[in-house]
Amino acid sequence: MVNPIYIIAILLGLGFLLPSINKAGIKVTVTIFFLGIIAVTAISYQWLSAFLIDGQQAVQIFTAGFKPPMSINLQMGLNEAVLITLINFGALLGAIYSFKYFAENGIQALVVFLLFILGMNGLVLTRDIFNIFVFLEITSIATYILIGMDLRLKSLSAGFKYMIAGGIASVFLLLGIILIYSKTGTLNLDGMIAAVSAAGSSQILFVGVFILIFSVVIELKVFPANGWALDVYEGSDTGISAMISATSATALLFVLYKVLPLASIDLTKMIVIIGVLTFVVSNLFAIMQKSTNRLLGYSSIGQIGLLVFVIASKDILGDNFEKIFFGLLISHFLAKAGLFWLSGIVKAEKIQDWVKIKKHPILIFMFGTFILALMGFPPFPSLAAKWSLVMILAENGSFLWISLVILASILEVLYLFRWFGYILKLEDSEEKVEKPQHQLHPVYIVTLLLYVAGFYITRSFDAGLSINFIPLAFVGILFLIDFLPVYIKNTLVMIAVSYYGYILVPGLDTLKLIFALIFLVGGILTFIPGYSVKGKRIGFYPVAAMMYVGLIGLIEAETFFQFFFAWEIMTAGSYFLILRGKRSMSHALSYILFSAGGAYLILFGFALSGAETGSILLTSLSEVHIYATMVFILLALGFMTKTASIGLHIWLPGAHAEAESDVSPMVSAVLLKAGVFGLIILFIAMRNNDVSNLFYILGWVGAITALLGNLIASFQEDAKKLLAYSSIAQLGYILFALAIMTNVGWLAAIWYSITHFLYKALLFLAVGAIVLKLKTHKMYEMGGLIKKMPMSFISVLIGIIALSGVPPLAGFGGKWLLYNAFILKGWYFQGAIIAFSGVVAFLYLFKLIYSIFLGPIKDKHRKMTEVSVWYLIPQYLIIATLMVLSSKPRMILEKVGLYFKEILPENTVVWNGDAASTFVNGKLFGVWDPFYIMIIVCVMFAVLLGFLLFASRKATKVEMFNIVYSAERPESPQTAHFSYNMFSHYRKALGFLVLPLVTNFWNFITDLFHSSSDFFRKFYNGNAQVYIMHIIGFVVFFYFILNGGIF
Amino acid sequence: MNITTIVHITGFALILIGFWGMLTQKNMIKIILGLAIVETGVQLVMVAFGFIDGRTAPILDSAVELSKASSLIVDPVPQALVLTAIVIGVAVNALMLTFVIRLYQQKKSLSINDYKDLKW
Amino acid sequence: MTRMDDLKKRTVTAPDGEVFTVDPMKEYFCDKRPEVQEPAHPLLEKFFNWARSNSLWVLGWGTGCGSIELPPLTTPRFDMFRYGVQMRPTPRQAGVFIISGYLAVKTLKRVIRAYEQMQGPKYIIALGSCTINGGMYYDSFNTINRLDHYIPVDVYITGCMPRPEAILSGFVELKKRIRAGKAEGANDYAERFDWYKANQKKVIKGWDMPDYNW
Amino acid sequence: MELTLTSRILYSLLGLFIVFNYGLLQSGVMRKIVARVAGRYGIPVYQSYFDIIKNLAKRSQITHGIMFYLGPIFRLGGGIGLFLFMPMIFGSIYFKNFSFTGDIVLLMYFQFFGMLGMALGAGEAGHPNSTIGISRGLAQFTTVEISFTLAIIAIAIQYQTLSVYNIVAAQQGGILHWTLFQNPVATLAGMLSFLGIMRHAPFNVVMAPQEIPIGPPTEYHSTYLGMLQSNRAILHIVESALFMNLFFGGATNWIEFIVKTFFIYFTTVFVGVVFPRYRVDQSVAWFVKVPLVIGVLGVIYATYIN
């Protein structure tokens, strides 16, 4: 083992030597400079591996041959080793990245940078309080100089503000040190801690500790004493900002970690508050931010606030503290450094200008990695860390903190994903991105490290051990082979899905089997149209595969964490998928906002459940009693964001309508079922937990969702939006049917899930292909396409008959089951609403098929041909399935009924041949014989068709304007196409039901956040003096609060 | 009122004066001076904490008998700290002044109010 | 685009960028000629004609001043329904077309269109003197003088104006003709199509419809 | 005794024949009644036969495309299907048709079979007035269904079954056992929606003859129109029979059947000659006001009073 003192020696020695070495030529100097940093990195890594692999114990290193308190001592333990490895490696990458910047400023810059690294290493290693001061000052001065080398005005003024703030902080630090010293007589931290806890109450000691800790906290840039820090992030060179945000913040966090044991309980509590406050407020302020580096600054500060919170909650977190802390820290460290570096490469002042990297998939990939890592999506370390954090907080009843952390996380999602949306979706920019290799390599490395760290850190948690990373690895491979042409990747993905299904399916029970089939078959069916795409379709296959990996993960999940992990993978994948649509920027954003919000609610719910039962299994939800209502509401709301129940639905129409043609069926027919699956798991688990009132409410929610979804769909002019609203309504039926909680109700729900999957995939595929071909979503711009696209027409015809519930197709089964279910349950009025909304569906279904296929054809579509065969193949596969299911539903329903019989014994369906019937008190209630009905209808249809064809065999086939038009003719096809605002009379009568109240409500909420963000961020008015006042006021304010004994 | 108390009071007064100066003066040089005054105040306070009435400076020369040194001299640690703090303070102040010069070169103004471009 | 340009050839761009011309006159309308529709087997035809004569569906369209005499037919005093005569609002379903009074050239164009859109066998009752010889408008620049130059007429009802009783008597006359198998105006129109068309085109300026409106 | 499939089919066809002729005659009688109310002599009661024969005997025909055919086929299929799925004569094994294959839910949704087909066929005709008529018809029908559904729910609560045959069975044993007396509120709600289903005035703006020359069937003629007329004859009777079964105790023989359906259908004619026509938005609004409230009361009545 190399004594860590050599780290300091090497850095210091090199710092002094470099100027003289420089005489040998700049190349030698630079080589030695890098060799030095590599050497210290190697030393720290050597220690790290010693701790991790060989299980070495922490060691104390004494300087000058004395033991403390006579001398300064360093401590090298696992934490220190991790941190200095991180810091030194980060600094190495930073040096590579900033090399050009250093070169412009000559040898001095290299020296200063060495000192900078030295300071941080010292901060981590030392156990002497005054030494902390010294190293802090070394770090700070080095930072000032590094900032000041950039002679731009903003850099200088930011540097000046930083120095003033740093000066005040160091004054406080000194004051704190001397006050504590005067009472404890030692500068050694361990001695001090022992002495302080022994000393009892003493005002001087109290003030000393307070002021010491607050000076560290100020250096950590907490709210509100952080106006200067934002200017620094914005003003200075990105390489330096990266270092400040990543490495020096890491060192300072560890300082806080070291000195916090000095603090009293009240003071610790206050730091907790300050941390959370910083996390919330920074993210709130960030949402109005347009400047790249300042936004990153806000984000940094927010993350550090969260870390401060974690450090201050160390006692609560117990054994898991280190994992949580490092999970969050490493994510922040790597992602934020990467983002700052990327920002330096892209050189975009405003976040909107980042659109110029649109054509650079690798940059986009790295950017996506970073923001996902920041937000805590799988597989990054922050996910498991946040998960554990919330779990443990819930165990301690800290619901307020959980709520605030969730709120801030959602705000973070808002601005980071909005930014991501800008990159992919704004108008192309002419500007070129230069990609200097030496600057890119560090970014590549941190990207890679994030995945590696994600794997190891996730698995270091108990919960994370059960995660199956193999499918994710497949997604990773898809990213790597993205340069291949579409047909190879498409085939590969389909084979993979089939193979996975082949492995997975045999071991599943009926319920999971059904959903697995929906996901897997849905996957295969919706991938088929991919063959029609030419070129490479960069980015599509990895994210689509990611979504399916998440979906299948849900099926496989046994524990809360597995479920949540899969849920987040699915959310991320589907978000990227939706974002691929042409005009989907804002819709994808609202999708991810609702999804993330829903996911956090689920997290909260799981945490509460875990807190009460202590179990991590999904089935343990049934044992929740104290928090039952709360858990149920949270989880149900979480899942209902995915099923887009009314109130939480506003993301769906845009997201589904603006997605690509073959993505719409993926997200509408398949993805929504994930929410249904979640609800089913929840309902099964919590059916006996005294939440029946909530089922009742959910029943109403489902009914209202169904009605309003269908009504709004009737007033759409956009074909895909119409289908999207229809999905909302269909999911409303499913929610209603589930909430009934009887056997036949659940049969209806399952039947709806299956059939909705089929006919909505069918409709979205057919309509999507047409939209793709016609390049318009507007139904009134279509018309008369039956003659050009008869195959698509048949698809849509079958689709709408099935959806409408007209016998003999499968949709009627759902209606019949639902009628039986709600009447037997006694939910008459909800049921009447459901029945009414089922009828309203006819309006939009007619509008859909008429506006697209019937009526006069428009001039520009006269040469239109049938859509791509790759879109037709899945459609006809679905039609075949629908036909079979329509006549023989017993195949599925009987098994499902038996499966649910143990869980829900009430109101079962009895099968007799192909006929289903329900009974009340042994007397026949309802009866339905799908096979017979199918035969009767088909025979009748054939006979009548034969008769009519014979009777009108001599009929003249006429053209579209051969109509009786009051003895005139229409002016143009457009005038004869009655499509726009088709149900205006209906709107006149019932339009009051579809006032956009929900949209207005959410608009109000977002406006509220944005305007308050815009209002309160004026707090940072740019004046250094005001910042001084913030700092002093911050200290004084909290001093009085603390002294006043409020806590 | 002994000497320690006087130095303490002076030190804290200087800190307050320094802060007052930093908060009220618009001229950046004066703000730096304010910070310098605060630092001086802190240094005084530190020295005062280490001072023990009737003892001498912790310099081991002929005036102090080596064997009894620990009972003759004042606490040496604060003195060492103050020395370090002074050195660092000077360095920081010098650096700040260079920043001010650079800023002045660019905008020909010393008023802190003129450097508010970065905000919100 | 003005009303007159509706049917001119035009160039359009398909969504995929292909540019092509559309000729509305050819593509919007069926350009088949009318054909003579042979009656069924005589016995069957007799039965059909009996049914036809008892179910006269009149196109509810007054083409001229005589149409004021039609509404009284639905009143209790005259009650045409007892003869099986009913009004239909659409030419597709109507079998009888009453040209009520003078016929302006402008209206003639619409009459031709409506007549051609009726399904055979179809009958025309010409009401009033003007349909026979132009009546008091015989020298007008924009009315036609003799209706059966333009479309085949089954029954003329003279008078200016004929009373509702006269119209009822005209219906009875038409019934007789139908039962006798003589009301073959539609086939006559198809047989002498070119002659009728030439006459029509002679008076109608700016012919902007296909030769036969299906 | 169960019938063999062949004889079931034959008896069903016999029933269909009876219903078809009865429907044609009934419409003639109704028109005669209306004429007499207006002081006219009126049309012959057998006029419908002439009309259908005439339409089938038209010599020329046009077609707008294959979906144009499906309109009449679905429409007539809807009417015949509704007949086949409904027990006509209670207690008769010959005329209960194929009612064992489904219940009232099937009948409700089978009503849409014809509507949907007609909508598509009329759409294919390419006439804007057809589509306007369809949009009106669908819009009005959605709200008509509300009170009908509520009435059915009330019946299901009351008799604890959805099977039409069992509903009729539950009403046997005297006039006071009819739903009309058991639950007059639900009956009222049902009959109000019956007015809407039959589309007589005041709910006949769907086919407004002068405004949108008779709406959906604007382009239909000859054979097509003949089929539509046949359907109309069947559908009127079958719908009346449905309401008879639900609210008026069903029928145990054809005489009772004819008398009851006649009077049930007559109510719509009666209302039709008395009231003027609603605009579509007015009728939609009316159905979600009055019948809806009555339907809700009917369900409450069934739940709490019985």
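Residue numbering begins at 1 within each chain, and the chains themselves are lettered A, B, C and D in the order written.
The working rule: contacts are C-beta pairs under 8 Å (C-beta built on N, C-alpha and C of every residue); 3 or more make two chains touch, one makes a residue touch a chain.
All values derive from a computational prediction rather than experimental measurement.
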item	value
Chain-chain pair with the highest tally of contacting C-beta pairs	A-D
Reference chain B; chain at largest CA-centroid distance	C
Where chain C and chain D are represented by their mean Cα positions, the distance between them in whole Å	35
Inter-chain centre distance, chain A versus chain C - centres from mean C-alpha coordinates, in Å	70
Distance from the mean Cα position of chain D to that of chain B, given in whole angstrom	99
Distance between chain centroids, defined by C-alpha means - chain A, chain B (Å)	50
Contacts with two or more other chains, residues of chain D listed in rising order	60-62, 213, 218-219, 222
Chain A: positions in contact with at least two other chains	956-958, 960, 962, 964
Inter-chain touch pairs (all)	A-B, A-C, A-D, C-D
Residues of chain B defined as touching chain A within the complex	15, 19, 22-23, 26, 28, 31, 35, 38-39, 42, 45-46, 49-50, 77-78, 81, 84-85, 88, 91-92, 95-96, 98-100, 102-103, 106-107, 112-113, 115-120
Residues on chain A engaged by chain D in the complex (per definition of touch)	784, 786-787, 797, 800-801, 804-807, 812, 815-816, 819-820, 823, 828-829, 831-832, 835-836, 839-840, 842-843, 846-847, 849-850, 854-856, 915, 920-921, 923-929, 932-933, 936-937, 940-941, 944-945, 948-949, 951-952, 954-958, 960, 962-966, 970, 975-979, 982-983, 985-986, 988-990
Partner chain C, residues of chain D touching it in the complex	35, 38-44, 47, 49-51, 53-54, 57-62, 209-210, 213-214, 217-222, 225
Chain C residues touching chain D - in the complex, by the definition given at the top	37, 39-40, 47-48, 51-52, 54-55, 57, 60, 75-76, 79, 81-82, 84, 86, 88-90, 92-93, 95, 119-121, 186, 214
Residue numbers on chain A that touch chain B, as the complex places them	130, 133-134, 137, 140-141, 144-145, 148, 151, 153-154, 156-161, 163-164, 166-168, 170-171, 174-175, 177-179, 181-182, 187, 230-231, 234-235, 288-289, 294, 1017-1018, 1020-1025, 1028-1029, 1032
